[in-house]
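In the two complexes that follow, subunit A is the common piece, with subunit B as its partner first and subunit C second.
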Partner chain A sequence: MAAASIIAASETSYTRHPSPSETTHRVLARAVRDAITQSGLDHRQIDGFGVCSFTLEPDHAIDLAWRMGLKVRWLMQDTNGGASAGNLLQHAVHAIEAGAASAIVLVAGDRMDAAAFEKLVTRYNRATEEHLSPLPLTGPNALFAMLTTRQMEERGLEPADYGRIAVAQRSWAGLNPGAVYRQPLSLEEYFAAPMVADPLRRYDCVPSVTGANAVVVVADDRATGMPRARVLGVTSSFNRDDQGGNGLVTGVAESADAAWQSTGVAPSDIDVLSVYDDYPAMVVAQLNDLGVVHASDTSRFIRERVATRDYALNTSGGQLSAGQAGSAGGMHGLVEVVRQLRREAGDRQAAKARIGAVTGYGMVLYRYGSCGNVTVLEAAA
Partner chain B sequence: MPDASGSSVPRPGLVTTPLTQAYWQAASEGRLLLQRCLDCGQAQHYPRSLCAKCWSRQVESFDGSGRGRIVTFTDITMPGHPAWLEEAPYTIAIIELEEGPRLLARVDPPTAVTVGDLVRLANPDRDGIHRFEVIREG
Partner chain C sequence: MTLTIFRCGECGRGAFPEPLLCSRCGSDGFVTASVDRGVVEHTTRVVNPHHAVLATLLVAPEVRVVAALRNGAFAPGETVQVTSDPDVDGRVAYVPASSGSEVQEEERT
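What follows is the complex of A and B.
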């Protein structure tokens, strides 16, 4: 029996180059306001607030709540980047179950210009600052280049398999007015793009954007009759292997096992899926971790189900084409699945959209992401 | 403002904490400091205040052999930070050390590395950072 539902999901416009007057506060506040308006609630009815933002410093959640005039009895700040949306949602559902709050707004986003991006990649954490940046190894591209190479060897994939994922997501983006890159991309163009860190080329790497996403979560019995995404389960895994493995299996694996067990949903029940796509290789890893496709069958699945867009995967275009708005990366996929379940996805609406799943992945500690989570949602009205 | 290298973008500098000071001092002298747990024998990189395996606080530093094997690598053509553009292309690899731990490091010669290559610690780079070189047969 689901206790909580998402009744609104917003995304500000994403921009590659923010105007000088844009600030992290403003973009977060815009997403919050849009989500609350969409929910039909008044901001005075919101009694819980959670935020994740890399660029909010020196401010914290309370500063943002104060600036927006949100008076709440539940407040949370999450620091887990690509895993933040799932983590915030997991705690929000628990808060609603426990009666600590009844209407919670969650937001994630950043003003991400060149300076903010450089600071983020050189000072992401102590290990990056001390042990990676000076190598010089700045930013995650090189780490995921090595991971992609290992994955190709272990799972018998070829560069074109990754290209097909990038190309398919660009096709989905063509149907999403909010995506920053919407013009079609061919496999030839994918291969002709400059190499970044072998074997990663330009279109394997997410474009950094400024923007924010937000959702409104309420007790399910308050939402009767509203088109909504009922939260069937949120499960998480942190630091599964001390960065001592090869990174090809993520925390999504344990999270998925727990999710299928606790919700009774099977991977084959999923109608729409957002997988955290910082790189095509991580799309592959998580499709395998979720149990959507067996590792040995991945190449066929990409050719027959992903490339054809027969499978509703990352239907917004994902971060690869819609853009990565800093720490909103994880919430972007959640917003897209909620839109699909509420049948608000316009030209890219999946015909069947009853069960949705979203993964979160992130926080590279030394070699690969250390956090993973799975959210399972069900359409209700 | 240009830094010592003449680049217009400052290179991200070396940052140390009390826990890693000796490690980076050793690096600048061409040594690779590892830690060994006196209780369970586990070797670990990089320096920590406890053994990550058994949680013993009895860990001691020792000079690693500096020898290892390339597990995987990438040739970087577009670095994540503009200060490193002048260095590209260069090679970063995951190296499995003889003692067990894996570390990330730069390997020379650039773009001429293959998986399985044996490597050894070379002279540090101009910033005093570890650098490895491939051991060629014969």
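What follows is the complex of A and C.
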């Protein structure tokens, strides 16, 4: 029996070019306000708060709680970027199960302009500062370019397979008024776009935006009758291979094994899926890790199920078209699946949306991401 | 100037960057090892800046590093000279070194 449910999911407007007066704190607060309003709860009923943001310094979670007038008995700050949503949610569910809180707001986001992005990627961690930033590269594009080449070699994929993912997600984005890139993209345009780091072209690389996402999590027994996403399970994996492998199997693989075992859900049961998509190669890796498609069958699956949008994958357009709002990257996918399960996804609503899954992936320590998680949700009312 | 990597003093497992505890045996005793060659596994040419070529190199069993390849074409499988000196000229793979390592002992590999 699930202990917790998500009863509200918000996303601020995403923008490539934030106004000079925009701040991380304000964009996080807007997402929190919108989520609380949507939940129907009173601000004073919120007794738990969790946040992840790369650009909150010198403040912390308690500063935000104070500035937003949240008086809580459970407080958490997560630092794991693209894996933060699953991580925050896992802890929030445990807090609700333990009685440490009963109504928790989780938020992630950043004001991510060019200067903030450069600071983030050059000082991401000590290994980056010492061993990557002195090299002629900015950010992780070159690392994921080499990972993509490895994946093509190992799994028999071609550049067009990755292009079809980017094109399909752009088609979904055309149905999402909140996506920053909504105009149709053809495979020809994908290939004609400038090379960034071979084999990655422009549309393989996630666009950085300013924005935030938030959810409200409550004990399931107080959400009876409300359209909600019941949390069936959240499983995580951290530092599975010490960065010594090839990066093609992520922490999502171990998380998925644990998730299917603990929830009784099978990969074939998933109706709507958000996988962390900083690059198309990571979409492929996680589809394989989840067991949605066997590695040897990936190309066919992309052509027949993803490119046709027959499979409800990254229906917001994903980060590749909707934008990556800093550390909100993982929560963007969670919000989209919750919207689908609550049948609030507008023109992109999946016909069947009973079981949803979300992956988190993040924290490139040196060569690839080190954190992975899987969230399994079920529509309830 | 060669590249310094790290070996567990107990079980011999290699690591880069410098670890705190050995991932295999948990020991905190390391020795350094100087590496002057690596095998190119994958490369990418980044358009910005300056069409630089980056590579993944295998420099010891289970130890892979990210390097900038300088002055020449390098094919996967090729063995290249490795340096952590940013100013060295020639056909080399540059891997930025660790700063402030407290590991004193050194062995050649």
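Worth a mention:
As a working rule, the second predicted complex is superposed on the first by the 381 of 381 C-alpha atoms of A that agree within 3 Å, B and C clash if a C-alpha of one lies under 4 Å from a C-alpha of the other, contacts with A are read in each partner's own complex, and residues count from 1 in each chain.
Criterion: a residue touches a chain if its C-beta (ideal position, glycine included) is under 8 Å from a C-beta of that chain, and two chains touch if they have at least 3 such contacts.
If you're wondering where the values come from, they're calculated on a predicted model, not measured in any experiment.
Of the two partner chains placed by superposition, subunit B and subunit C are both touched by A:L137. Of the two partner chains, subunit B is the only one touched by A:V121; subunit C is not.
After overlaying the two complexes on the shared chain, residue contacts for A:E57 are found with neither subunit B nor subunit C. Residue contacts after overlaying the shared chain place A:D347 against neither subunit B nor subunit C. Residues common to the contacts of subunit A with subunit B and with subunit C across the two structures: 126-127, 130-138, 141-143, 145-146, 149-150, 194-200, 242, 244, 366-367.
Residues 15, 17, 23, 41-50, 52, 54-56, 62-68, 86, 94-99 of subunit C are the ones touching subunit A in the complex.
Those residues of subunit A that touch subunit B in the shared complex are 118, 121-122, 126-127, 129-143, 145-146, 149-150, 194-200, 242, 244, 366-367. Partner subunit A is touched in their complex by these residues of subunit B: 11-17, 20, 46, 52, 72-84, 87, 90, 92-94, 102, 104-106, 127, 129.
Contacts from subunit A toward subunit C in the complex involve residues 126-127, 130-138, 141-143, 145-146, 149-150, 194-200, 242-244, 366-367.
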